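Some structures to go through are shown next.
After this come two complexes, each holding chain A, first together with chain B and then together with chain C.
And now, the complex of A and B:
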């Protein structure tokens, strides 16, 4: 009898927990949309500037989120560009070349790196910038370049792991066919294994993009500022969406700025959700449509 | 010629693997290098146990360590029952379509940016907590822990679900054949088998909670004192790093953030190796 009650209790407890979590998420998103939906229009991004002129960089945007969106975009592109070659090459090495002992040691190092708090990586980036400033050139400080390099450290383990898992997931018979027909190891990797695991690698890259777009701790230490306009060069400071949200939450002057903060949160949320769903779709096999070659 | 190309490719793969893995080591080396002057002056152990009193010349990070510990353990207290319940729902209790939908939703939740949790927390939860307890500004350990708990629940739930999925199918069919209900299967077969994996999930979630910056920075109030109750403000190690960064480069305040960095680094390393050890032990037992 007692066990029956315990089982009933478990069921009730589980449904309750599910409801609480759902309620929490609905509250979070509902509040954001309820408060912020009014700010969602083109002037949120571009202010009073005509959108086309702003996009063509003919006119500066003062009132809108455009510099922050552009900063985030440039930042993501740069960090992913640094991380992809190293990440994929390292993934290939781990999956195809490394011996068991080397693999275990490298695995441990990448596990530590992937668990590293992003603020520690940000601190590393910052002190690296300070180091360069002191020893090489006065012109180098916290800037776009340093931020993107630090962010690429943050997402490197994602790309390495997904590449490695995708390559190791190729079935043995496919792995051996080309080798048996006389292909070299390198040909086998680039002509057989990588095309087979493109969807896995792509979903890893897209998750890494999402991580780059949302991370705030790294960029607040390495050069994101509240007002810098569009990023001008690799060595300039820049604005970014997540940092803008953080900044508004502590420093907003009036309700108009606060509304901009809500708007920025919704934009960032949509961006991350979109990337996430894309990554999911690719992993699920949409890649057959995207990368279809007759 | 072909041989040569193969060799170059293999070498470059090896080089990039070495370069990427050296990042992990380089981060620690940099922290130690930058924090060394202060540690020489005060001693690493002394830094960990002394209070933060810049006017008396001590720059201990003890309050931040306590703050981090309180907030992250309290967030685990919030997140553990929630994740347990949700993973139960997904594993057996909910009907198939519900459990599938819930799992997708929870996966999607892991993608919500941290700064948004913090942002909504400030404007939604903080005023509520201030009204409810009528003490302080509402920026306190409790607020931060509640939001952090909601934030790590999806991750923890997914870890739990993964460890449930690793149980051999034959165990489950055996239980079904003996006439176990869904709840009984969960309580007497799945749960005892998945204990190790769940422990891993809790440890990894704790790592996430300790390493998170934005929620604590935005919601915990950031005062440099050991919090006396959950309604008092506190500062975490991560928030300390984010806040002190503006000071000048040679000051002991600035050096102290590297001590925080080293503590966080060592903690991450501990978590990683504990999890690796536990999964290794689990793998060997099967």
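And now, the complex of A and C:
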């Protein structure tokens, strides 16, 4: 009898916990749209500039969020591009090659890295930029390149961990299939194990995308500024949505500016959603491609 | 039938996580015959197969002592000699597992997979080889119109014959089978037994099996395992 009540209670509690979480998310999104919907229109993004001309880079956008959207987009793509090769390679090493002792040591190190506060990583990126500025060239300072490298450090643990877990999760009989047919270790990794793990690895990349798009602490120390226009080169400063939101909400002069902040939050959410959907699409297409390409 | 010896195993001992699995196994296997390995579960029959193609080297915490010599390409070679390439060995000593393990790709690509691994790129040659292997495994007539279908859509018995065809495509000299029919129904079992009987004049077959009937139906020799070694 007692155990039955306990079983029931567990289920009820689990449901309640799920509902609280769901309510939290709905409340957050609802509040954001309630506050921000009024400012949601094309002029929020493009200001007075005709959207097509802005998108074709023919005319600069002054009043809108377009430079910030572009900045965040470029930043995410660059950070992920740095993090993917190193993250996946490290994951492969940990899962397939590392001996038990090396593995324990590296596991501990990557745990430390994943627990690193982003402001510390930002500070490190900033010092790195200052170092380069002092010792190599006056032209190097906080910029898009430094930001994206610092951010890729921030998200590296996600990609390493998910790659490692996905590879280690491949069952033994599949692991041995290609080996028994004369595959080398590397062939087995690239032709069987990685294709099997693509969806796991992509989940890590999706997590990393979200983190890159959202993080403010790293970028405010390494190159994001309130007004810079579209990112011109790897060595230029840039605008970014999360920094804009932070900036506007701490310095707004009137309620219209604050509304812009809400609008920017919604735009950031949409940008993330777009990146997620793209990543999901790639995940599906990729696992199909690796196995069924003619 | 020739009675020439194909495989010589001497003083073979095997342990897994410091637990002995095989102790002092000495046994020879005749060429072009089917040898059945029988005995209760957990006495190391499957492990024994893996010592012949060195597949156990991919298991963590496993250890082996002793020698295995196989007559490959006409001369006896120690499979654990440094000069023996493990991938070459596994191309000549093929293996089929207990559960059918088609890779998640088309039927054609499954069979061509070992050729690809070996670096073969000629499509015509591969198509020819795929057909030949599927014919050897008595599967060609059933799949010739759907070679581009996912191999996992085949029935269990067909999948296992696909795995046998995949093992045969590199024309191995020895075929190791680890309870290949244990997950199949009676009809599929009969088909596979027939197939193995037809294969034995081209290669040497070692078959782990629990079914005494099956053993007596198709095997030329029986090797019984117990207490981690061979008793007869």
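The working rule: the second predicted complex is superposed on the first by the 240 of 294 C-alpha atoms of A that agree within 3 Å, B and C clash if a C-alpha of one lies under 4 Å from a C-alpha of the other, contacts with A are read in each partner's own complex, and residues count from 1 in each chain.
One rule holds in what follows: contacts are C-beta pairs under 8 Å (C-beta built on N, C-alpha and C of every residue); 3 or more make two chains touch, one makes a residue touch a chain.
What you are looking at is a predicted structure, and each value in this text was computed from that prediction instead of being measured.
Within the superposed three-chain model, A:168 lies out of touch with both chain B and chain C [touch as defined at top]. Once the two complexes are laid over each other on the shared chain, residue contacts for A:191 go to chain C alone; chain B is not touched. Using the contact criterion defined above for the overlaid structures, shared-chain residue A:63 touches neither chain B nor chain C, since it reaches no partner. By the touch criterion defined above, A:273 reaches chain B but does not reach chain C. Using the contact criterion defined above for the overlaid structures, shared-chain residue A:116 touches chain B, although it does not reach chain C. A simple residue count on chain A separates chain B from chain C, and the partner touching more is B. Look at A:177: by the touch rule set out above, it reaches chain C but stays clear of chain B.
Looking at chain A, you'll find residues 184 touch chain B in one structure and chain C in the other. Within the complex formed with chain A, the chain C residues making contact are 53, 55, 58-59, 87-88, 90-91, 94-95, 97, 99, 101, 103-106, 113-114, 116-118, 166-167, 170. Every residue of chain A that touches chain C in the complex is listed here, in rising order: 172-184, 187, 191-192, 195-196, 291-292. Interface of chain B with chain A (complex): residues 2, 5-6, 9-10, 12-14, 16-17, 19-21, 23-27, 30-31, 34, 81-86, 88-89, 93-94, 102, 105-109, 111-120, 122-124, 150, 153, 181, 183-184, 186-187, 204, 207, 210-214, 217-218, 238, 241-242, 245, 249, 257-258, 261, 264-265, 268-269, 271-273, 275-276. Residues 6-7, 10-11, 13-18, 20-22, 24-25, 27-28, 31-32, 35, 85-87, 89-90, 92-94, 96-98, 106, 108-113, 115-124, 126-128, 130-131, 153, 156, 160, 184-186, 210, 213-214, 216-217, 220-221, 242, 245-246, 249-250, 261, 265, 268-269, 272-273, 275-277, 280 of chain A are the ones that touch chain B when the two sit in their complex.
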